[in-house]
């Protein structure tokens, strides 16, 4: 316990100082949320590259939570869906249902090139389409995988902080 | 019903309702800082609640009024406790309800309402959460009552006002083994009842490790706001109870503005410090396996019983 | 003040005994034992202050040196050599049950010590049940634990309890007696330490249940 | 002739008349039901009158040989008469439509019902040993007939009846021995004379009398380890009979204990009451633990009866202990707590058993693992069961909360009262009460949540329907009584304290302890709770932007649809508790994994079976039963079937007796 305490003392704060708020228009519905966005992550057919980056976006260094975004366990608790990967045939219906389970007002963030336009998987036989073909998308975050900074920037568009 | 009691009965619930989300924010902030993060700020839980109130209500198919009324009952039980327990003033607005057993039973009633709501959804997770919550509740009850027994035996009453004033009059009691053992037992119990680490992890995303969260997976929008508010309130009520049972100093004994102001400040400071300590402690421990929890509770039961034993060992 | 300090020391004595029963990590158990030694020293110190006796003060210092410093140091050294098995993983009676058993033992200790207390009721004698509880818990640890080291701690717990009862009942058994007992205990620990080292060399483990194999 | 006497006479007359009608003319079931209910009403009147101070005494020497019938109704008896009467009212009304089945229309069954009620009413009124024993036996026989009424349902009914018959009669024998020993030392079998002589009995004799009667009365009250009949007989009996047995008959065990131990023997030694307290604590914890594991609704309720009687005995034991150390006021408080619990238990157990009967009536099942989803189809039954479950789980605003609060107050204030024994017994008793309360909450959340909420778990439940009006009315009456008792316990306190023989609690809206600081107001508490709910609801109405609820499918992780098999069942609900108490309950698990034919690595089906056997029963009863069986087998050698041999036995016996006489002269 003492060693842990010493480690905490030695490490101090690792979160980087917040970059300036990104400009660009915020989705209208995000304004209602008032600086608090609960996020449900849906893996619609990703290679898990984006997941790793999402993980670090909420890690101590980038600290997505400081902007008022938080990952939650149920779409009922969520305001936004964070969808990664191309939407596969098997995940198309679950994605629709997850979207339906979220109480309004709700937003969808497509993370990564696959989610935006199917990326390298475009035209593959198991692919039902990009996220916007299945559910309405409000924010898109490009990159394969997108850097944590980009993900945090996208989320800050929702929280406005 | 005295003036002091009435004022306390108005000030306390307002303070608890307004302050408990801030307490949760404070605890998250402490954790964030210890983990090297920046944290979302103390006001974040209030922002979450404001947003949840603006959201849509959802009635999952096949659920009955039990599901809909549970959050109301949960908040209401905690609110009654906030009114009657001497947090700010020694006198209670409803003295015949300010009994330790009644307070404990009221808090249990809230938990039961939520467990029934979890069962009412008919989902596997709801049932699982309810089952675990009830198991923990059943095991916590003996510790809680025996600890109360230890505290009330020397006062000769289970009335909270009486216990608090007697400690005020005889400060030496606080450092007796009875108090210390009972305090440790109560801390373990409070950790279990409010679903904190190591019994339950309030920020888990994995359903299989959930206790409290699993029951509320179906609640959305304003209902969820009530549930979140209630769990924050329960936390501050328990911490406030702990603080005033063992360190009641600062509490208002007369109905003057200054005394009341000091009472409010003292409560805020005590609960804030306790919450901060609890949050800091959580950084150092891992969550227990569910089936190790009884061991923890058996230990706290033993401590509570030792507290009783000490009250006549060392009398 | 005297009574409260005495009670607090007794409370600490009891709490550390319970924690020895509760925790599984041997390092924690040894630390608890050291704390208990300190509590015992405080107990004797409080009595010394009350009696205003230099002899008791000397005993208090001796108790502290032996039970809070030397014995824990020896135990820690034994543990350092133990390698992997630093936890009491599977006691014969599971931890929840042993905690409940400790509750029963406490009440039993209280019941049996009442006649003793009534002989000369005072703040010190009223704490005798605490000492007896520690003895019983120590015995319980000795009976139900598998690791030689935790059994050793159980034995030492018993000794702490007996010492506590001795001081509480008679306010000091005298320097010479205490010295003799302490040397005995020290010797016992040293012998047992040699024994555990031998055992580990022979069996690669200190699970005493394995000794059964010697018979078969 | 005062009101109490009139009431008793009316009760007996109506019951006998109803029974006669049922024998002579083929009356309708509803007539028997109405007769039973009227008997109950008369009993309530008689009991209430006795509690109000109008006791009476009547001696009819000619009715029974040897001792004659002697009846007295004092406040203690009056309380039990009134409680029994109240339960009988609900059960009688309920039976009007519930008992309208071929099995329950049988003549013997219809005759037995009113007689059972009147026997239970007469037991607390008996004023000599002879009357008590005769009424006790009448009660046992009529209830036995009722337990086995539905014997066509399966062999388990007959088995339950056998267990019940054997145990209740062993209990009877035990009471008989105890009282006979008592009478042998007093020389007169009237209670008045025994009360006089009881104080002068030698401690040894008094101890033997107490233990013998305790065994008999405890077996009637379903106290561990004499509880084996209870979880068998109560579920198999028709539901209104279960209610009568569980809410009224078991109380008479407590009555007997108080009457003999406190009243006739006049207190006695501390160890008696420590024994009672220990039995109570063990019963309370063991009973509720078994109930928590049970997935049979009526069995669960039966086991909860053991629990509640255990709580009552804790109160009685504490009262005796305090009295023996000279603290009369505290003894009165503990006894008051116990008796309030008796009344409360009678009310909520009636509701619960009647509601369970209603479920059984509608679905044909009492297996919680197959129930669920009854809320939309049986709203009244669900509400009634909900009220009963809340009342049973010691949560405010519930009936048991008040009595357990009183009990805990008595235990807490008892610590300084009585020496080492109290110092050890009180904390343990508090822990037992607390554990019982916690487990009861879990048990009734399970019974209500799994049994009535969520979605149906089987076909039978999906086609359920609400029960007929009379059944609902009976449940409604009992539920209202529950609510009244929970909110205004002061209403029955004067009566209970008259029975307990001491005023320990006073107050109207707020209950205040007289000799200690302590106050509780269930009514204010409930009002506060209701007000808080209203405030929160109003604030929410004002604060919430979107009021309309959108109906959505359950969150099934996007997969689905979810089937009933995915729901949590009663068995799975109890699993964590069962694991925690593994060493105590020792469940038997049976997991069968069957593999695919092609490959051992593919699982085809997993079958999971869990049984929680009654461990005490197994340890205690099996050896006795096997010894008896062995004797029986040995005895068969004596009966080869030859008539000469049998006549020979008689001849030898007569000669032997004569020889014995000749020698001993």
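Going in written order, the chains are labelled A, B, C and D, and every chain counts its residues from 1.
Definition applied: a residue touches a chain if its C-beta (ideal position, glycine included) is under 8 Å from a C-beta of that chain, and two chains touch if they have at least 3 such contacts.
The UniProt protein names, listed by chain, are A = Ni,Fe-hydrogenase III small subunit; B = Formate hydrogenlyase subunit 4; C = Hydrogenase-4 component E.
For clarity, every value in this text was computed on a predicted model and none was experimentally measured.
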Query raised in the report: So which chains are sitting against chain B and chain D at once?
Result: A, C
Report task. Find the geometric centre of each of chain B and chain C from their Cα atoms only, then give the gap between the two centres in Å, rounded to an integer. Result -> 36
**Report entry** Mean-CA-position distance for chain C and chain A (Å)
**Finding:** 56
**Report entry** chain A and chain B, separation of their C-alpha mean positions in angstrom
**Finding:** 33
Query raised in the report: Measuring from the mean C-alpha position of chain C to the mean C-alpha position of chain D, what distance in angstrom results?
Result: 49
Query raised in the report: Tell me, which residues of chain D touch at least two other chains?
Result: 423, 427, 546, 550, 552-553, 555-556
Report summary line: Where chain B touches two or more other chains simultaneously, the residues are 54-58, 217-218, 221, 294, 301, 305, 309, 312
Query raised in the report: In chain C, which residues are in touch with two or more of the other chains?
Result: 94, 97, 107, 110
Query raised in the report: Which two-chain combinations qualify as touching?
Result: A-B, A-D, B-C, B-D, C-D
Query raised in the report: In the complex formed with chain D, which residues of chain B make contact?
Result: 53-62, 64, 66, 69, 72-73, 75-77, 79-80, 83-84, 94-97, 99, 101-102, 105-106, 108-109, 112, 115-116, 119-124, 126-128, 130-132, 134-135, 137-142, 144-146, 149, 152-153, 156-159, 162, 217-218, 221-222, 226, 290-291, 294, 301, 305, 308-309, 312
Requested in this report: Report the residues of chain B in contact with chain C in the complex, numbered from low to high.
Outcome: 172, 175-177, 180-181, 184, 294-295, 298-299, 301-303, 305-306, 309-310, 312-315
Report summary line: chain C contacts chain B in the complex at 4, 7-8, 10-12, 14-15, 18, 22, 94-97, 99-100, 102-103, 106-107, 110, 123, 126-127, 129-130
Query raised in the report: Any idea which chain C residues touch chain D in the complex?
Result: 94, 97, 107, 110-111, 114
Query raised in the report: Any idea which chain A residues touch chain B in the complex?
Result: 1, 4-5, 8, 11-15, 18, 32-36, 38, 60, 63, 65-68, 70-74, 76-77, 79, 103-105
